[in-house]
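Next come the structures, one after another.
What follows is a pair of complexes built around subunit A, which joins subunit B in one and subunit C in the other.
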Partner chain A sequence: MKKAFAGLRPWLLQRLTAVFMLLFVLFLLAHFLFDPPRSDAEWRGWVLSPGTSIVFTLFFASLFLHTWVGVRDVILDYVHPAGLRIGALALLGSGLLAMSAWVARILLFTPP
Partner chain B sequence: MQISVFRYDPEKDVKPYMQDYEVERQAEDRMLLDVLGRIKTMDDTFTYRRSCREGVCGSDAMNINGRNGLACVTTTRSLPDHVVLRPLPGLPVIRDLVVDMTAFFKQYHSIKPWVINDDPAPEREHLQSPAQRDKLDGLYECILCACCSTQCPSFWWNPDKFVGPAGLLMAYRFIIDSRDKATEERLDDLNDAYRLFRCRTIMNCTEVCPKGLAPSRAIEKIRLLMTKKSV
Partner chain C sequence: MMMPRKTRPTFFNLAQIELPVGALTSIAHRISGLLLAVGTPAAIYLLDLSVRDAAGYARVAALFGEPLFRAASLLFIWALAHHLFAGVRHLLTDIDLGSQLQTARRSAWLANLGGLTVMVLALGAML
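Our next item is the complex of A and B:
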């Protein structure tokens, strides 16, 4: 595996996903301010509409990638024994994958 | 002044302890190093490194009231009446304020601190314009005192893998030297999870550098260079 995969790319990814998430939060706040959903059905309809559901998907992808880089950094800093480090990273990775699957299920299979 | 000093003699002591000395401020005591010299006359078992006494050799780097600095350029006037002196944090203590700098120098050597240029040798010297030479300002002045690296929490947690602010500053010094032709290799060498990227821009390094250098700025410039080359 190329070393660069572990160096510059996660650092850049963390910053790009941070910017995207900030813009998403502003977008969501603007929606709540100017066109707040009046019922659960309206909320679902909006989130599951084609454009918005894609934006939400990108947001969760950004969130989980950002979390992966951040918590991985903490593990690399403090967990020194290699076996323990691999275990901790595996736990983190599988936790984030599981949450991604959960989000995918919600966005794909919730009836509108 | 009351000076509390970290004392540890591995041949005599089971564990380190702090020892207090009462020193009267005198007109001739301009710098902390002068005061240390007077403590030495009171107690000659007290051990510390010193050499140039003018802030260019880096020998007397130590932790003064929690901040790393050079004893020979720290004025007594800038110090409160109670001073706590400890060795540089994070490095193994050999005795009293003397630390083992091996890990620090290992990282420095790992960045290949020499100009790499395998082109045929020029008739006289490698030419460099004043503008190219200006780029080295703020980088070549490093005296390798280790104040920066030993104040960096990322270096404390991984001194064997993270190059540290001093090493990275010197790496940048060679990266932007127009006479050096190994830029790609130098950037590749630093581009992994540990060598440069343990840096979180905590910026303790820039805050404590006794020569007024900015390792965090050099590190950011390396990151920008890496980014430009990769996109």
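Our next item is the complex of A and C:
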């Protein structure tokens, strides 16, 4: 029974993350249009403020999940030899994990 | 018994294969997605540098003045805009909006031109 729904989860994940990222892009665009940062302190203060940094965290979480589903689809379409395929998926996964750690460091541990 | 036809059609002139506009949108969606994935570490690096200190912020601002960096960021902006428009088109199709062939072709044109328009606007903002 579960097999009938295989693939539905990544499909849904791709769409939910897409909608969230669409809202984030509009939010960022509005900020730069209506209240552009005038100095480095202002920019840092905005990015690292509690509200914005949570929005940024959710955005990057969405981005990495979206990238995982999307690039995985591309790999499954074009990379056929099993070893190469596993290697490519492992590279993608570890790259995304490393970037997650990097973003977490930026958003959590940048001194204000 | 009939002789097998020796002159079966093997016509395969790539220049004469017509790619429907929807196919163009589709392959561009894939290519732009890969470009965005490849550009993500660079974008994170810029974010990191820009919030680090005053010197880092100034460095990022100065980068946007360099021609090669501008060209790369324009490509990234095209990829983002096209991927976003083509993605919205997909989402609308999911809820059964614009699945009719005529509408689908029109929205495919809109997505393709929308991506290019945003890139031209970004170029205008840079100059």
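By definition in this document, the second predicted complex is superposed on the first by the 106 of 112 C-alpha atoms of A that agree within 3 Å, B and C clash if a C-alpha of one lies under 4 Å from a C-alpha of the other, contacts with A are read in each partner's own complex, and residues count from 1 in each chain.
Going forward, a residue touches a chain if its C-beta (ideal position, glycine included) is under 8 Å from a C-beta of that chain, and two chains touch if they have at least 3 such contacts.
Predicted, not measured: the structure shown is a model, and the values here were computed from it.
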Where does A:67 make contact in the superposed view: on subunit B (first), on subunit C (second), on both, or on neither?
-> second
Based on the superposed arrangement, let me know which partner A:27 touches: subunit B (first), subunit C (second), both, or neither?
-> neither
Of subunit B and subunit C, which one touches more residues of subunit A?
-> C
So, does A:76 touch the first partner subunit B, the second partner subunit C, both, or neither?
-> first
Please work out whether A:40 is in contact with subunit B alone, subunit C alone, both, or neither, and reply first, second, both or neither.
-> second
Which superposed partner A:7 touches (first subunit B, second subunit C, both, neither) | first
Overlap of the subunit B and subunit C interfaces on subunit A comprises residues none
Residue numbers on subunit A that touch subunit C, as the complex places them = 15, 18-19, 22, 25, 39-41, 43-44, 47-48, 63, 67, 70-71, 74, 95, 99, 102-103, 106, 110
Which residues of subunit A touch subunit B in their complex?
-> 3-4, 6-8, 10-12, 73, 76-78, 80
Within their complex, state which residues of subunit C touch subunit A.
-> 30, 33-34, 36-37, 40-41, 44, 47-48, 50-54, 56-58, 80, 84, 87-88, 91, 94
Of all residues in subunit B, those that touch subunit A in their complex = 154, 157-158, 188, 190-198, 200, 223, 226-227, 230
